[in-house]
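Below you will find the structure I want to go over with you.
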């Protein structure tokens, strides 16, 4: 059950249509998943979010596409976004994540969550060795 | 200021010494950072945590060491563990993370946090297309 | 699926009935939503929670009712409380939130989540200019 | 202690200088606070973040500037961003938040955090009455 | 560095003095820790918070005082409240928590954080066997 | 809807069967709940997770089993793990948690969440009195 009403016919708004067309063309797929249909309640929000996703995730860069997707997935899990866990698990598989790599991601996340809590619980002081050389 | 008192002379406990020796040997470094000195309040906790870190992070696997470190860093940031942000930023640099890759990680984390909250705020329904084929 | 069994006939308990009557009278509505029916498992918990909601949210104050509701909604989104996102989105609409204001709230929350994570990730030092004059 | 090294002379980069100039001009103040000095490690990240802050927070809209700032502050508190709690408490005071309104914000946040956890703990089912009419 | 200015002479306000006197008398100690000095910016907020702490934590009940304190500590760690981790670690020690019990609490919290993330990451469906008999 | 495909016949893998047998024997019950069936996608992850649960939760120690379970439940609520809230509410009832104790746990969690946010919002400085004597 959604907490907001998405537009019934989003592409009747030319700004929405332009974003959807760019999503289809960038992803080489006709499928527009729900997050974009809901963001279409506000054309500014839709345009700005897609522009950022395209720039950060869909542009060749110094990190390979799968690594970027796994970082996105890790954040989505820790933020406990049900929608995002599904969409980014799917995206990671589409970008080549193997079942064995998926299991590794789970174990890294679980281990990090564990040591994060141990550090916070003990309020471990930061080692001076971690200080950046320029400081 | 720590919330727990670490042992004054941790390596007088042979179980602690064995873990510290293995950390030094695995990392090829004499440096034992604070989290291990604090976990040494309980030898079981220290042994179990190190065994897991060694198995998950320090063993060759289907993800390269830098990718694994970046996922660990992403989780640590979202869990807001100050100690861990410092230790894993340092570790990622040691494993080859360039300033440009660091800036990319920041932007992926920021974007994911943003779309995670948008999805949760609108309670976007999961697309049936994300369903696993075996279901 | 709930994790606790709410009382079958909550108003048979006179303390619960008194709270429910006050909710109806304060809100000028017969509708008692589920959170109150579940809190009724413990009359102390129900009375204390309602007294606080009434004092903080339903009493005229230096912030207007819609602003207070939007703050409540923002917290509920970040805490990822599905029930609360629904109940406080509904309450905000009842207090006059327009679709355009709703879209604005979403964008502020998304932007804040993003810059919060950037600050935490970089561990940006607090500017001395933010120090309170009295310190 | 920061986890990233900000550029020593950020305005030697003309893209950074252009953003800093726009911040000064938009805010009618010479003060550039630390978050912008740190984001300057990457000109894309700086430009995109400032463009979004300017569009969402510094452009007249259907919510008044103080309400928008209080929502930003609420999110920053729940995300436990120390830097952001300081910067947005300061910003809210600059936009007219009185001590009494500040105390109200604290109480709304505290109450919301409390009922969020109660709802999550009992897994309270969403009332059908909260369903949007269009569904 | 605090984000709010506490009153210089809080007990000049008779409502604040009454709360502080009750804290001293309930705890049989002259020490008023900082959270109460800061909450004193608003007498309503101070009175309501102390009344709740007294009712929930300082009144004999079906859970023993140490168990209650350990639950409070666990929540404070997961919410990453630095102040609260310190105050409730201290309180737990005052109520008899041994170093060995402290180490156990840390390990339970770490394990729970780990399995929580694994469940969320895999979106494990809730077993029907967990359904309450009354449903 | 799960985000990962659990193995169809997990006990055909002898390592999985050994873990499931040990779960049954430790818990004196034939019921294997879903988290274990999903963790079975990776035998290492399953073995390591069960070994830790068994050592921390199912071994006699300085905290009684119900106290340990309540701490686990508290963490699961704050981490908003729907599966874990259900499984650990059920486990706590099995270990003797009464409805009145359950209501107490809810109130402690709610109070802690509230004061955690108040402390973080005001950035209350840690009292020097909380410093550990050895420092």
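By written order: A, B, C, D, E and F. Residues from 1 in each chain.
Just so it is clear, a contact is a pair of C-beta atoms (placed from the backbone, for glycine too) under 8 Å apart; a residue touches a chain by one contact, two chains touch by 3 or more.
All values reported here derive from a predicted model rather than from experimental measurement.
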Relative to chain B, the most remote chain by C-alpha centroid is chain C
By mean C-alpha coordinates, which chain is most distant from chain D?
F
Inter-centroid spacing, chain D versus chain A (mean Cα positions, whole Å)
20
With chain centres taken as the means of their Cα atoms, state the distance from chain D to chain F in Å.
34
Using the touch rule from the top of the page, what residues of chain F touch 2 or more other chains?
1-4, 44-45, 48-49, 52, 78-82, 85-86, 89, 100, 105-107, 109-111, 113-118, 120-123, 126, 130
Where on chain D does chain F make contact in their complex?
77-78, 80, 82, 85-86, 105-106, 109-111, 113-118, 120-123
Complex interface listing, chain A residues touching chain D
1-5, 8, 44, 48, 52, 55, 126, 130-132, 134-135
Looking at the complex, which residues from chain B come into contact with chain E?
1, 3-4, 41-42, 44-45, 48-49, 79-81
Chain D - residues contacting chain E, complex
80, 85-86, 89, 99-100, 102-103, 106-107, 110
Give every residue of chain E touching chain F within the complex, in rising order.
1-4, 31, 33-35, 38-39, 45, 49, 52-53, 56-57, 61-63, 67-68, 70-72, 74-76, 78-79, 81-84, 86-87, 89-90, 98, 100-101, 104-105, 107-109, 111-127, 129-130
